[in-house]
Amino acid sequence: MKKIINAPQDVVPEMVDGLVRAYPQYLKQVPDTLAMVRSDTASMVGKVGIVSGGGSGHEPAHAGFVGQGMLSAAVAGQVFTSPTPDQIYAAIKAVDQGQGVFLVVKNYSGDVMNFDMAKDMAEMDDIEVQSIVVDDDIAVKDSLYTQGRRGVAGTVLMHKVLGAAADQGASLDELSQLAQAVLPHLNTVAVALSAATVPEVGKPGFELADDEIEYGVGIHSEPGYRREKIKPSKALVTELLAKIDERLHLDASHQYAVLVNGMGATPLMEQYIFSHDLLDALAEKGIKPAFMKVGNYMTSIEMAGISLTIFELTDAKWLDYLTYPVKTIAW
Amino acid sequence: MKKIINAPQDVVPEMVDGLVRAYPQYLKQVPDTLAMVRSDTASMVGKVGIVSGGGSGHEPAHAGFVGQGMLSAAVAGQVFTSPTPDQIYAAIKAVDQGQGVFLVVKNYSGDVMNFDMAKDMAEMDDIEVQSIVVDDDIAVKDSLYTQGRRGVAGTVLMHKVLGAAADQGASLDELSQLAQAVLPHLNTVAVALSAATVPEVGKPGFELADDEIEYGVGIHSEPGYRREKIKPSKALVTELLAKIDERLHLDASHQYAVLVNGMGATPLMEQYIFSHDLLDALAEKGIKPAFMKVGNYMTSIEMAGISLTIFELTDAKWLDYLTYPVKTIAW
Amino acid sequence: MFTAQAATTWLTKFGDAIATNKAYLSDLDTPIGDGDHGNNMARGMTAVQAALATQTDADLTTVFKTVAMALISKVGGASGPLYGTAFLEMAKASKAGTTDLPTLLAAALAGIEKRGGAQAGDKTMLDVWVPVVAAVQADKLDATLIATAVDSTKPMIAKKGRASYLGERAIGHLDPGAVSSGYLFTALLETEAQA
Amino acid sequence: MFTAQAATTWLTKFGDAIATNKAYLSDLDTPIGDGDHGNNMARGMTAVQAALATQTDADLTTVFKTVAMALISKVGGASGPLYGTAFLEMAKASKAGTTDLPTLLAAALAGIEKRGGAQAGDKTMLDVWVPVVAAVQADKLDATLIATAVDSTKPMIAKKGRASYLGERAIGHLDPGAVSSGYLFTALLETEAQA
């Protein structure tokens, strides 16, 4: 493991400290926690707060999306480990303006349980809290008998849509309805070239040979659905798009938003080439995305790879939410 | 070499195509070239154009900084290879509004010569062109008898300052004076954990052992000034800051802007930890940066490492330029 | 009657087992999870031991509550709320007057089931908790029963937690939370043996 | 008198040498540069050969100008403008009436010196161009002289180009631009030998 860190157990507090001190105009830290709230408190007045978070290692998620028009606060857990309820609760308290707080949770046992406990705590304090559990990773089969699909890069688009609506004064119930409406239209699938190394673990979450890739991996080195030899970018696009198409049934008469997301160590050069092939493949189906973004948004430390999110815009307002101006570090 | 690409020789045209098609609201490609100009032509009217560029492999530089308040156009060369004069000239012609065009060049033999030839071509067309050759990499000794220092991440701050001034109506001469005034105050030095692999070369520019780092490397795998065992982030900060201090003589009564720049494969987690240690080290000297940014701005494909730029703000206006609003993909 | 002192001994032994097996637990979590279970539990149990060290005269309820709060606020992940809830439920039950170990553990088990929505057979810590708590009720908990319960997770397909993403590929791997729960009950057996 | 046909033969041979040694030239550029000199020159010479193929009846000036434009617009980097300028200056000189090879090459050399601001001893292609052009003037160019000139860059410290960042560490490495220039003049020797 070769990393620019100090002691592995100090990674998260040092990272949070570096972030809030580098960007005081965007973030402030809730004292004695790893929760970061919007510095621009004026922009939150009278509005529902939106809190997200999860394990660390996904930077710029989630703190990079805190700011007017997007999140009100983000809570950083240990690396790849859900934050604890007391921390989430501290964030809820810090952003509540009497209009309630909406939580964006990714579908992992740990996240769901910790955010649930925080919700219980907030309700004891008479803060109204609602939430959405994002599960956009279509690589995993959804089933009543399993944990269900994972929450991955599509979560960032959920943040964006909800953040825009909240900034325009949507109520807690309206946000909840919006989140429920958006959720089934978020579809993500990834391909990995290498795994991430959790600092305290010291070795990669899985090993891929020099010429191997894996489709369908999660953002915590969860294994995917198939391992094979590296292919040209065009072929990777074909595979991921087919996987999404199975569920989404891409259709030239519909509108789509696209997020090409680098997993951490993959340079923009590769992400842009992948985008080129993706846009070609979509054009063959008569589709031109109504909205697109390419870059590192929901990473997995230094994992190499790309995830592709396609978000079907079944409501015209959603496109406005995606393009609504924000003041954040990383959107 | 494991990369998400197609044929290595198609990397640059495919990358440029993916980029302009993903972001048509920011960029359009000058037909038959690898030059990208601002889509928002209205924002350029009556102003001096600013053109930058260089070899590819430094994404988001340079096209990510094209937009109102920053660059008017960017020209992409082959990977780590200066663009050719005809391409640069095409960008100059595309942005000229009769007020002249200012070129931001990084100090490499190739870039200097190709941009010079483009300038000759533009002058034959009666377009007034001036330029600055950025050489902020203090790892290299400056001397009359050598090529001099390299242009690295500090170039992005040069773009920002000049772009803000140009947007506010500065003349070509004023921009030239501003660039000359800013230049000696830009100081950058880097540390690498691994080298980049140029797709057409297929192997890394240099090899570092699993526990080795190198100080002072350039953004094209040019070797640095010392190789040693990996150290904690705090120690890396000490080394890089001391190197900068030798030249800059950091002083609590002065104002500084700081850019912590990831080289491509280094996750934000590490960049934020480095920032934490840096801010601590600066605080010990009584210094709190007036402006700071952390992220991947001037990369070296998938090189792992960080560069530190410290820009002494000897003129109060420069801080305004740095915070002046822009509409770009990546600032 | 289960005393505060027994509880403290129990948790100290458990903390020691976690510290000793930290790397092993994270290794178990690597093929079928995210490789952090040992680190998570170690971070939590270090906090538990530190908190208990400051509370020498505490009653049983306070001990359990201290443990619960340390785990809930330090572990995170899936195991934090689950182990935390278990001890919080034991704190509640003891506050309501029980000092009976089988009753306390039954409350803990119910808390885990409610918090996580899993059941025996899902390849989680419950595959240890369910048979162990039943054995405690019947007063026949022993090392073999614990080992068998832990091993029972090996051939299972996971239905909850990160391992559920693997489908059949989870077969052949022990569940890390089941293994750490095995340490918990081994520590309990040792505590009882000393009493 | 240097003919258009000779020039075409010369550049075809040079293109072949570049294609054959593409990987070697990039390898030479790796320890003391950025590892792309072979790729740069190959990209340029492929374009040169394609452009020349479409111009079967061209005069000398047109051949040189075609070569210059192909190199200038396809190579980039340091070598593109330098080689490009060399051929552009030869085009200018031939347009002004010269077909004398020593005069043409002297113009090319002056162009490179002006464009790059380097001089002999700086560990660049000039360390080949300067002695070779002098030898051509004296009509005593041979393979040994070229080889000696190329090898002379090995012990040098670089003062221009990327190798100049290395200081003493450039010692012991051949300059890639000197090596490719060696191929250029070897191709010229072969062309002259055929005539």
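Here the chain labels run A, B, C and D in written order, and each chain numbers its own residues starting at 1.
Just so we're on the same page, a contact is a pair of C-beta atoms (placed from the backbone, for glycine too) under 8 Å apart; a residue touches a chain by one contact, two chains touch by 3 or more.
What you see is a predicted model; the values in this text were computed from it and never measured.
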Length of the shortest touching-chain route, chain B through to chain C: 2
Common touching chains of chain D and chain C: none
Euclidean distance of C-alpha centroids - chain A vs chain D, Å: 53
CA centroid of chain A to CA centroid of chain C, Å: 31
Chain centre separation (chain A, chain B; CA means) in Å: 29
Overlap residues in chain D, where contacts from two or more other chains coincide: none
Per-residue overlap in chain B, given as positions that touch at least 2 other chains: 79
Graph class of chain-chain contacts, one of line, ring, star, complete, other: line
Listing of all chain pairs that touch each other, if any do: A-B, A-C, B-D
Chain C to chain A touching residues, read off their complex: 26, 30, 33-36, 39-40, 43, 72-82, 85, 115-116, 158-162, 164-167, 169
Residue ranges of chain A in contact with chain B within the complex: 2-7, 11, 14-19, 21-23, 56-57, 59-60, 64, 79, 191, 193-194, 210-211, 213, 230, 232-234, 236, 260, 264-279, 292-296, 299, 301-302, 304, 306, 330
Chain D partner contacts - residues on chain B that touch it in the complex: 9, 55, 77-87, 108-110, 113-114, 116-117, 140-141, 145-147, 150, 198, 200-201, 205-206, 218, 220-223
